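Labels for the chains are A, B, C and D, by order of writing; each one numbers its residues from 1.
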Amino acid sequence: MSRLPPLSGIPADLVSAADYQRHARQRLDENALVYLEGGAADELTCQANLQVWQEWALLPRMLRDLRGGHTRCRLLGQELQHPILLAPVAYQQLFHAEGELATAMAAGVMGGAAVLSSFSSTSLEAVAEVAQGPLWFQLYWQGDGERTLALAERAAAAGYQALVLTVDAPVSGVRNREQRAGFQLPEGVRAVNVDESPRLPELQSGQSPVFDGLLALAPRWDEVAWLCRHSPLPVLLKGILHPADARQAMQAGAAGVIASNHGGRVLDSQLPAVKMLPAIRQSVGAEALLLVDGGIRRGTDVLKAIALGADAVLIGRPYVHAQATAGALGVAHLLKLLREELEVGMALCGCRELADITPELLVRL
Amino acid sequence: MSRLPPLSGIPADLVSAADYQRHARQRLDENALVYLEGGAADELTCQANLQVWQEWALLPRMLRDLRGGHTRCRLLGQELQHPILLAPVAYQQLFHAEGELATAMAAGVMGGAAVLSSFSSTSLEAVAEVAQGPLWFQLYWQGDGERTLALAERAAAAGYQALVLTVDAPVSGVRNREQRAGFQLPEGVRAVNVDESPRLPELQSGQSPVFDGLLALAPRWDEVAWLCRHSPLPVLLKGILHPADARQAMQAGAAGVIASNHGGRVLDSQLPAVKMLPAIRQSVGAEALLLVDGGIRRGTDVLKAIALGADAVLIGRPYVHAQATAGALGVAHLLKLLREELEVGMALCGCRELADITPELLVRL
Amino acid sequence: MSRLPPLSGIPADLVSAADYQRHARQRLDENALVYLEGGAADELTCQANLQVWQEWALLPRMLRDLRGGHTRCRLLGQELQHPILLAPVAYQQLFHAEGELATAMAAGVMGGAAVLSSFSSTSLEAVAEVAQGPLWFQLYWQGDGERTLALAERAAAAGYQALVLTVDAPVSGVRNREQRAGFQLPEGVRAVNVDESPRLPELQSGQSPVFDGLLALAPRWDEVAWLCRHSPLPVLLKGILHPADARQAMQAGAAGVIASNHGGRVLDSQLPAVKMLPAIRQSVGAEALLLVDGGIRRGTDVLKAIALGADAVLIGRPYVHAQATAGALGVAHLLKLLREELEVGMALCGCRELADITPELLVRL
Amino acid sequence: MSRLPPLSGIPADLVSAADYQRHARQRLDENALVYLEGGAADELTCQANLQVWQEWALLPRMLRDLRGGHTRCRLLGQELQHPILLAPVAYQQLFHAEGELATAMAAGVMGGAAVLSSFSSTSLEAVAEVAQGPLWFQLYWQGDGERTLALAERAAAAGYQALVLTVDAPVSGVRNREQRAGFQLPEGVRAVNVDESPRLPELQSGQSPVFDGLLALAPRWDEVAWLCRHSPLPVLLKGILHPADARQAMQAGAAGVIASNHGGRVLDSQLPAVKMLPAIRQSVGAEALLLVDGGIRRGTDVLKAIALGADAVLIGRPYVHAQATAGALGVAHLLKLLREELEVGMALCGCRELADITPELLVRL
């Protein structure tokens, strides 16, 4: 089955994230789709991430004075036009020739921020060059502190403004969909910024590839604290779900926490992150920077996430769908749609600004 | 696919609102159907409106003396034969050549009331002329008080008995189904009573079409209070869901409140109005006029709405299905079916009159 | 489509009530099926009746001494081999040529009891003649006490041992499935025991066929008390769901109560009767006779009903499926299956007799 | 339809228990499938066993030091590499020519234990001969203590290390799927270890085949206590769900309890065993040996079972699917998959060993 090429304009029937998913599925080959859409094991967490938003209904407020309202927010000292960040997604040249460049351009044009994956298929410097707005750099622990710090310093030198250390994937997820399909990176697509992977220890007989292999290279709390102390950039920890871990992250010197289950790609039957938001917010206090991702497809989801305690949100697969459909233009358009949905939701819930979005807007179903 | 013409009689298999929906789908073109059946975004609230009624089961009472029972109610000093009003629906000539005339005639013949939309495709005076029962007039805020009052006075002069100010749609809903289908009004169908829309302010760069555009024309509590003071007719506020807003409405001088989420057409993932009824009733007190709409398809739904605190209900899409199927005759027949279902429900729940319908009849499932 | 004739033996694949339903659907014509399977309005209560049993799970007990266990029960002074009665079902000649005769024979052969409908298509005396076990007679109020008592005395004279006064259908249900299909009794099938229906009062203009028509003929508490005093037989009231009504029934002199929603055929969105059983049992006390029907398809359902407070249960549609499939033989076989399922359930829950079946066996899901 | 032969290697698309089920369905004939996949009555408990695991979500913990972690456990004084035992399944030659031999070999190779069914189609001595790890022997009460003890002693002599006395099937389940399909053992497959079934008592007229027949041969608490006292091997009781029964089992001298509903094959609408685990653990105390089975298909299910109180788990149908697909190789591979999933789950939940798996990891949904 031949695949459709990317669009160079936005047709009138592209009016929501779901439409971009539909279009992307006509444009991506099976290999890329399996990687993009799949998750761990039975993908129950992937589904839960999408459905969890329906556990809260909105209780709107009427007739308030909302003139001059806006969606601006300030993260790490930088003002953004809206609280919708682009999450780190690896190997974006799988989805569109411009890959991570398209992402960074679109985020900047729309007044927002993007997080570049350390498995970017484009050099982090090249991405920084085209960006018109703030960029953050996602990284994995590189086996030891020095290697990790070196990568952080390279990102800082290129102009990135924050680090996002992903802590929820010390071992690979059991991604059965990828395994069944035999997913592999096509020629020419690779993680260009982290060429040499840390070397795994040699296992002795009876040792576990998980406990004695991968986990030997995984970071621990004291190492993370070391990184926070030495990093040239503020460090957010991504992949935290337990309120006690969130507090420990702040105590270790993190600049913030991203509540996430990694898009359901690592451990199936995990909780959707948004369900833990209120407890995490309570644990870290009102001032700590707290973001969330997972299953956000509508401006009303953003509204709910903020009502439950988030300062901002990240989207992942949806912007890749838009990128696959129409490159940077698609990503920018999707951001515009989501922001407008957020504005409409705020207006109908009587909120002039993000700070007005409180738990009282929600009814638990 | 050719569409069936309206019926001039009622076939024996038309015995419920669901049957009229089925028939209407065979008679309306795609453009009209998209407008009628669609809602905001993913239409989750549309679906919730329908399903919410199953959250309560009826617990019937036996062997009471019910002779002389009836469904009469008194709203704004006027006696109606039953508590099922026809909600404002715009552009009814989309659905049947007689449009709003059919609606008004049917309501009157059945001893009930209809609410004319300010986006009526028929002149409000012409509708008033054919009506045989009470008519209310729905209006949107016309950008300022004077224009709004002028419209109200025109309705009063034509004989309308109450105003229904819709407050839950200061900005357009994100109606993806309409957008995807490219819905537009066919030639000859337009809002004949409010030809000139209020002019939107010109936006400066960086301003939001929502907050700085539409909301600049939206009413606020003080303006609504002003309207209530100067209106020649009692003013109900439609689109209230929060109990505090309901109380504020009464304090602002409203004659009553219509709990509604606008048929799920404005903000998706809103709560079904009926879920808020008990709290709203408690908030406004036993004497305040309180109506509800959303998803009512059976007389038992009416019974439940009243048990939860409503004085009366409004139906929307169901009577348009009946109108599309058989014009005024269809609408009258549908009202007869619903009233009979209500009577049977009352009889089996041991209720002689609407005042006997109390929360004790319901079991929360 | 030609229909299959009834069977004269039981094939090996008929091993449950569900199998009989499947067979019956191949044997009954559409008219009979619509009447048998249909219910009120959207048939939500019909479905709820079936599904409600899954709200409780069984928590079995092991290794008790169960030798000599049995399913016998004593109702109104008469010992039955099992607590599964055949509910009154009208017009059984619709389903099998032997109609009510088959039902009565099967019940007796299996050591149980049957309740003859007052809309029996066979004379009550003829049914009594073939019966080999206890028969009860179901009746509707005949418009006044004298006519009702006359029918009761006729049943007593024929040997019936109890009366079941159905009180939950003073008005007809809104049976849309029947209406849509144009159901009517075929020639030769009629209610032979109550030829003359009570005459409805003539309605004046504006009067309600429900409140001023049917309900004028419906019984009230004082009339029921009068019947209980004068009846030659004990009177059970069938169709009670509210605990207060159940207590009032006992105070009015009833010999017992049958908790029922009339198979979902009268008022849709009513509660399944079994959900009210514990409250009814508490209301009427441990000694009162309390039966239940609605959706029982398995011996484990019987077990649950008894655990929740019933002394015995009635089945309706399932035995008609069996009758349509294989006449009296089918009905007897179905009773055998259900009784065996009940025995197995009792054995695995550590119950030697019905009195051992207590609420502790159930876990609410 | 011709069936596929077993595989001699593991294709790349076999990456989970679900994949083995899919493969097994292509390889087993209808007769074997009906026996393997079916359960009691409507198979509601079979389904519930599978779905119950989704009632808990995992709440992972990050950045702990997990080096040197492992899945080892010690049961009855014997160390196993992982806590996933192979449950007793009868007549395994139905599924693969090597039947129980394949099972025992695979369990041993993977460092685990298997439980041989007393309805094994292979002699218990032959199985013991090929085993490379601990074997337990499942037995039913043989009608009296002496016969039961004789079987136990034969197992002990052959090297089995524990007895698993199944107490939840004193009467046969109502397995409608088997009945409808006319399941029977093919020639050559039979229970070779218990050739002579205990003789049922002759029933007198009116006696129940359940209460007076099968249950006359079923064991009771005092007999079980006698067996525990005289048995050459520790005795676990399998099929306990009620906490009081679990405590009584320990008081009767049992070496442990296996919470189980027999794969949903005996009494439909029973509770999934895992739902009772916390209460059973509380009842028997922290030191008692407690296992569970039912619906385990993923390493995360094992994790949840242990978090809820189990020391180890058993799997049944899944390893038969693997056996049918690829014999001993398939069973070993499935165990490897499940153990790896467990390791990944432990790693992401911050658990170095099984003792770290506590209820705090779970969130009730």
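To be clear about the criterion, contacts are C-beta pairs under 8 Å (C-beta built on N, C-alpha and C of every residue); 3 or more make two chains touch, one makes a residue touch a chain.
Note that the coordinates shown come from a computational prediction; the quantities given were computed from them, not determined experimentally.
Traced through touching neighbours, the fewest hops from subunit A to subunit C number 2.
If you average the Cα atoms of subunit B and of subunit C, the two centres end up 42 Å apart. Taken as a graph of touching chains, this assembly is arranged as a ring, one closed cycle with exactly two partners per chain. Chains that are in contact with each other form these pairs: A-B, A-D, B-C, C-D. Within the complex formed with subunit C, the residues of subunit D that make contact are 41-42, 44, 48, 167-168, 170-174, 176, 179-180, 182, 208-212, 214-216, 218-221, 224, 237, 239-242, 244-245, 248, 261, 266-271, 275-276.
Those residues of subunit B that touch subunit C in the shared complex are 12-13, 15-16, 18-19, 53-54, 56-71, 298-300, 304, 340-341, 343-345, 347-349, 352, 363.
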